[in-house]
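Two complexes follow with chain A in common, the first pairing it with chain B and the second with chain C.
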Partner chain A sequence: MAREQSSEAAAVQPLLEQFQQLFFISKIVGILPQDLDKFRSRNVLEKSRNGMIYMLVTLVVYVLLYNVLIYSFGEEDRTLKASQSTLTFVIGLFLTYIGLIMMGTDQLTALRNQGRIGELYERIRHVDERLYQEKCVLDNSTIGRRIRIMLGMTIIFELSILLATYIKLVDYTQWMSVLWLVSAIPTFINTLDKIWFAVSLYALKERFEAINATLEELVATHEKFKLWLRGDQEAAAAPPLDSSQPPQYDSNLEYLYKELGGLDMGSIGKGSSMSGSGKNKVAPVAHSMNSFGEPIDPSDKAGNRNPMASNMVHESELGNAAKVEEKLNNLCQVHDEICEIGKAMNELWSYPILSLMAYGFLIFTAQLYFLYCATQFQSIPSLFRSAKNPLITVIALSYTSGKCVYLIYLSWKTSLASKRTGISLHKCGVVADDNLLYEIVNHLSLKLLNHSVDFSACGFFTLDMETLYGVSGGITSYLIILIQFNLAAQQAKEAIQTFSSLNDTAGLVGAATDMYNSSSTLHDLVTTTMLTPTG
Partner chain B sequence: MSPNTWVIEMPSQKSCSHPYPRRISPYRTPSLNRDAFTRDSPAAATSGPSTRSHNHPVFEDIRTILSVLKASGLMPIYEQVSNYEVGPPTKTNEFYSFFVRGVVHALTIFNVYSLFTPISAQLFYSYRETDNVNQWIELLLCILTYTLTVFVCARNTKSMLRIMNEILQLDEEVRKQFGANLNQNFGFSVKFLVGIAACQTYIIVLKIYAVDGVITPPSYILLAFYAVQNGLTATYIVFASALLRIVYIRFHFINQLLNGYTYGQQQKRKGGGGGGRRHRGNGQHHPTPNPAIMEHFPEDSLFIYRMHNKLLRIYKGINDCCNLILVSFLGYSFYTVTTNCYNLFVQITAKGMVSPNILQWCFAWLCLHVSLLALLSRSCGLTTREANATSQILSRVYASSREYQNIIDKFLTKSIKQEVQFTAYGFFAIDNSTLFKIFSAVTTYLVILIQFKQLEDSKVEDPEPDQT
Partner chain C sequence: MIKIMNWFSMVIGLIPINRQEVDSNVILDYAMMFIVPIIYVTCYLSINWMHFIGVCFLDSCNSVCKLSNNLFMHLGAFLYLTITLMSLYRRKDFFLQFDERLNAIDAVIQKCRRVAEMDKVKVTAVKHSVAYHFTWLFLFCVFSFALYYDVRALYMTFGQFAFVPFMVSSFPYLAGSIIQGEFIYHVSVISQRFEQINALFEKINQEARHRHAPLTVFDIESEGKKERKTITPVTAMDGRTTGTFGNEHKLAGEMKRQLGQQKNDEDDVDSSNDEDEDDFDYDNVTIAENTGTTSEANLPDLFKLHDKILSLSVITNGEFGPQCVPYMAACFVVSIFGIFLETKVNFIVSGKSRLLDYVTYLYVIWSFTTMVVAYIVLRLCCNANNHSKQSAMIVHEIMQKKPAFMLSNDLFYNKMKSFTLQFLHWEGYFQFNGIGLFALDYTFIFSTVSAATSYLIVLLQFDMTAILRNEGLIS
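Up next, the complex of A and B:
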């Protein structure tokens, strides 16, 4: 079926063509179960039983390796905190395994969605074809570049964190230390999965922007058209008047004159737009700043339009309401379809995003807290040894937060782009200044108002800047709580130590060691990670 | 076809003798709708509503839960006037409800009395002072919530009946118009009832086993009434969720109806008829409904708008009725979840003396409250989303004629600022994000509480008190 349609719209290249390298890598590390050959030959994602088995095998292998890592590096912790309480054990376990949970969520979700992801890209291709019919061509090559940049950055970050930690902080004389490489697997897999999501989201955003651009272009050509009409009219009388940007008061006055002269503006349709043209001079003023605060540059439009205005015959689609209605309707439908695709995509990735956000929050807090602990020369769990070095911590934090923030930012931008379409549509209405077109625009903008694309994590919270603010506030308050209690614990510990040094009898020393242990559980509450069940 | 035919026809059809007054159209067979909205056996689906006996009880789906609530005086024991109407309760039934409520209040007073006197001291056997206080507060909160529930229910008897009548009226109209019976399997309510009962009995048994010595009768009464209060409050929450689910099904019905007119479906219809320009239907995501014929749009849309308005009113009515109850329940549940999590952690971390009794007790409470919270927020969220989806679906209807466009515009304009929300007394909206907020708040409190406890423990063990 894809073949049949490709002849009809040969110029539309499928989005997935750009995903070649990403798919290859994802396939090898076991993120996507889909068939590799079919993807190579036809750019489709299809279910594959072998891929599924391969993925499950990789999942099991990763989980096993990670557990071996935790076990072997837990040796150091075991001697250190032999007397930890169960609570700290549980929390530590959770912090240790959150990476693994995240990876498992990603892989299992990919397995569950393996049929539906292909469908999603098929829908995007339909949208592309429809956009192509509306003479709105999309350039997918930027997406390919984006993927390569993101892949490169992922590899640089992972490698730098891994190598720096390995060289500086791991005892690499033992052969077991090679296992440390495994610690990078969950984050790497997670990042690859998120690149899929981010790039697809970016593609959707581009499509929204293409729709907006098409609408803006309609406005621009119509302005040229009107200028051309007027220039034609006024060329004989006053050539210098339209060579520069027309002064606003002048046209306003013209408008007033016409109004006062009893000309019925409403009845003058777009068909005879030369008489109605004066009114539209208001448009650049009214829209010199859109509601998103971005200035619309009137000067370069004016610069473009003037040289062309004199020597070209212009046609404006906005002049023909019946024809343009069809086009606007189609654009609206495509907009709705993109919104629906966005919703479907969000649903497919909702659990991975939730786990990523939980991971980001926990790891960010823990890493900063351990950094504090390390500066106070307290012991920290061995899996978080990167916190001993501030530079590595900075890199790791920027990597983790970059992932989360980029996703949130992109989701936010996409929903903003989808909302901008209404503004662009209204510009069409304003510039054409035609009753019939106004009606159409009003009708369609009501529809656009109801096309909502909001990205959320399972409905628990939306992905926008507000959430980002909330999360950073949460991290700060947790850090303050943790550090305060850590300080209190330190004080208690010091008190006990002075006490034990004062009464240096054998029995009391024993008791003091006990106390030392019990108070150290305070900062162990989050600190601890690994313990054997016997501990 | 005049767009208003059905409005004129309506009053004459009151007798319900002829269930399909308008049309049995080729594109919308009754069985289609029934397939979409009923889960009962296909035999019943084909027989249609006309074969049903006249005196089948209304709200059959939630009969069990209603009977429990009726018996406990929370719901009026209404009279069924016809298949689609309920009447106010008879004098004796009203008296019965009144009597039950009186007994409840008397017991409450007795319980509060025994809570403040040493009679109940043996129930608070716990090993630490703070735990006793916690349990105390929990008991008081429970009593408060239930008393509030009883009061609010007693006050809202009339509006509850009105809501029920409105729902029934709506059903009647739907049945006349489309021959669809909007029933659904409310198995979840019965499951929850059984679960609540089991949980409460389990908790009581645990409690009785935990108390050493002979339990005095007042303590027995206190415990039993405590369990009953908890159970009934929980039942009321389940009932509210079931009501919301009922509203959700109605919203879903009109959305499905409207979905037949969306451009995706229309294109599919044209494509099926043999060749529109765009032959690929892009409505893979709405596979269920058949595309409707555009000519029916004016009358259907009028009907849908009316239904939507009525449903919104019902939704608001339900919200008004259980507003206060929800607030107090959420507060109570928040407190219980926090204290139980805390107890659980204390039990786990306490070295050596893990008592399985308290562990089970905490787990039972946590299960009960978390599942109730999840149920409530889920049904609220679902219903709100479905109510808001109507305008979104309508915006997908692309009509060529100006007249139809105006119909669409009217509804869309109306719904611009109409934010449908289920609120807890206006304090906050209840949906999935509420669940998230509650749990994040619980986590924060837990971290603080546990930290304090550990600090306290280390201070207690510290023999030198002057170090601060």
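Up next, the complex of A and C:
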């Protein structure tokens, strides 16, 4: 038994094995406080005091650097403050620290969770082992590839935004301009943290899908089995059994007996012992023999074990329910466990996700608004200088929105995959069409109905596509309102300027007719500007 | 009408030619799907890069006209390119799969109808109601008017080159609408199948009502008879269907086998011959007592069918849902700007500039057309959803009536319970939607209308008089 356990453990690769590079990078940048050596040697995440101290130091350094950045680039803002509209200035002021807040949330949450994240992956490993016992093996190598792709894309995006902005829009003759590199730190750290979440979520989704696939496979094999039985009944009246059987069913049946039939090598003896008791069914030799996974020679096929074989099918059908019940029960328990893991994971990352969504929403709106301002040749806050170039804006926006949308999409898909399990379970019941099995299925299905996993950001909103629809609507309407206010402010400013210049000219010329004309146009302008905001 | 639509969409390269044949010439199939987009892209690029001929580059086109025309053109390009790419990505596989599954479903439905003795009733699906024809006629008129208007105006402006601006102005919206038409067709097919299933369920329901009383009497009587009669009701019914319809032999045999297993009947389960002989005795009894037909043997098949149709709709939605999103977005934008231009520009300065009028009316016409199509899509999706929900309702009703076949046999009770539970799972899992962004039912209308109102309130505050004055349209 112990040997069996160990072999199982060896067969199931821990998920964290795929996280090597990601963990290394996150450790260096200071996202995770866990112990690096232990992770390398044993693939576990364990608390470590040194890591914690290192992480706190990095956090403080980042905050200091960022403040220096804001201060040094704020010089430009101060000179611009008088000329630009207050709206732009206030928005810029609000959004200055949001990147920093996001980064702080990530790091502090990681500190808080440092013990629990390890537990989470341990639980996933247990789930993998149980799934392995139910004969569905998961391939974790795709996850490793996914991590590498995501890392690559993050670095490409960050670098392209940073370099393009630095080269095109920052005055790099001054040494202070090097500080601009700091501006990329919050987003980079945030993205690395989100890669952890996204990949773990993806792993959960794969597990749900593996359960679904197992259930569907049960259905498929049983359907083939039924087809075979039926074909058999038709063929029963007609001649010699062995030759009439199409060979391609053999492999299917082999599955069937492993999965549904519940007859293994041990029960063959039982079956053969009961073979004398003569409830004749019409199952042929060749199949039932192959179905036990026995390597029979094709020459041996035309065997003389007709009575025994005919019993086998009967036996398998009776043995069905108990065996299948165990399997379904196990699968449902695993499903439950995965749902619980999903909830735990969602809870661990709830604050970072909330801050990411807030960040995404605000930055998306602000970047578009500043892009509009830049096209109107108005000055914009210096931290958002990437909005001056449409191409960089597009890259930055697709980076931010890609992060948010991918997380939302993945949570939606995971939630759907967990819901799909109930349907697949019922398919099993319908295809087997057995009273006992129906009872089991009904019972388990109620359990599944209550155990659905829904991801949310701190419970403020669920992470599904409908939220995305709502958010995109919100962004558009806010943008329109902002642009309207901007227009109104510009018109007011122009009106004031013309008013003062008109006063000048009026004072210079002093002609009564001119006065009359100009005051009428002034009246026009004032009325239009007064009317615009109120509509 | 559907044939005309299919034929038309083949011609403008939205679905492959010979879409229902597995082996056919690949080049021939996809030729149109490549030629038409290439023509479109050439027209689009020639207008935008080479300033060849386009409404927005004419001298008589003022700034409002230019802006709105640009918006119309680029929105159309977005719509058409996304839709075409998705159609190309879909290729023939979907149509083949759809047909295959539909044929399987139809075969089972036919079988069930035979069991339920419904094939004597005329197939009503072929006959469409007045509303159906009226809708088609209405759609046809709307589209022909929109196209006629656009072509006439463009021809008056550009002469024989009118084809190029037409490709970028109206054509994308036409193509989008036709793809939605395909969606409508597929959804309507699905919803029709749901209706047929519901009819079959309803039949069982009615039978349960009629047969409730007599069968209890029958049960009581039969208790006094032999031990074997515990399995009488269902077996007898099955036997009778076997007698009446020879081709149902298999199904009945299956039923019997299950029953046999449950009752731990030691008799030979599969030798249905002698049982058939027995059955005729009970058969006479049943007929004497009760003349209602029996079709609850259909139930397992119907449950499977329901499941299959739902999976079919999942596939259909997966194919057409993503194409819905750009279409709905385009419809929304065009409608809002249509209303905006109509109220803020056209009311004030209509008749001053022919091109401006043309553009504003184009907006209005296409917003109306796309809205009609979108409404039909939503309506049909909602219908299909309701039909599928109704099946569960009817099954519940049957369970409430406690018909004899349910009381006598746990299997049926469990089956029905399982079905309703499964439907609950389905309800959580699937609804017609556009990649999850919004559900395609009437709630979507509500949300868009409310969103449109708030946008309009904001948009209508734009002061256009200064711009119009600059253009010399008002003094």
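Everything that follows uses one rule, which is that the second predicted complex is superposed on the first by the 395 of 535 C-alpha atoms of A that agree within 3 Å, B and C clash if a C-alpha of one lies under 4 Å from a C-alpha of the other, contacts with A are read in each partner's own complex, and residues count from 1 in each chain.
Quick note on the criterion: a contact is a pair of C-beta atoms (placed from the backbone, for glycine too) under 8 Å apart; a residue touches a chain by one contact, two chains touch by 3 or more.
Quick caveat: nothing in here was measured; it's all calculated off a predicted structure.
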{"item": "First, second, both or neither for A:Arg125, with chain B first and chain C second", "value": "neither"}
{"item": "Partner chain in contact with A:Asn442 - chain B first, chain C second, else both or neither", "value": "both"}
{"item": "Chain B versus chain C as contact partner of A:Arg385, first or second or both or neither", "value": "neither"}
{"item": "Which of chain B and chain C A:Asp336 touches, first, second, both or neither", "value": "first"}
{"item": "Which of chain B and chain C A:His426 touches, first, second, both or neither", "value": "second"}
{"item": "Chain B versus chain C as contact partner of A:Ser452, first or second or both or neither", "value": "both"}
{"item": "Chain B versus chain C as contact partner of A:Ala495, first or second or both or neither", "value": "first"}
{"item": "Touched partner set for A:Lys194, first chain B, second chain C, both or neither", "value": "neither"}
{"item": "Touching partner for A:Ile481 - first (chain B), second (chain C), both, neither", "value": "both"}
{"item": "Set intersection of chain A contacts, chain C complex versus chain B complex", "value": "439, 442, 446, 448-449, 452, 477, 481"}
{"item": "Chain B - residues contacting chain A, complex", "value": "263, 278, 280, 282, 284-285, 345, 348-349, 351, 381, 391-392, 394-396, 398, 402, 405, 408-409, 412-413, 415-416, 431-433, 435-436, 440, 444, 447-448, 450-451, 454-455, 457-459, 461-464, 467"}
{"item": "In the complex with chain C, residue positions of chain A that touch it", "value": "230, 233, 279-282, 317, 412, 416, 419-420, 422-423, 426-427, 429-431, 433-435, 438-439, 441-442, 445-446, 448-449, 452, 464-466, 468-469, 473, 476-477, 480-481, 484, 528, 531-532, 535"}
{"item": "Residues of chain C touching chain A in the complex", "value": "250, 253, 258, 261-262, 268-270, 300, 303-304, 307, 410-411, 414-415, 417-419, 421-422, 424-426, 428-429, 435-439, 451, 454-455, 458-463, 465-466"}
{"item": "In the complex, chain A residues that touch chain B", "value": "5, 85-87, 90, 119, 123, 126, 130, 329, 332-333, 336-337, 340, 344, 439, 442-443, 446-452, 458-461, 474, 477-478, 481, 485, 488-489, 491-492, 495-496, 499, 514-515, 518-519, 521-522, 525"}
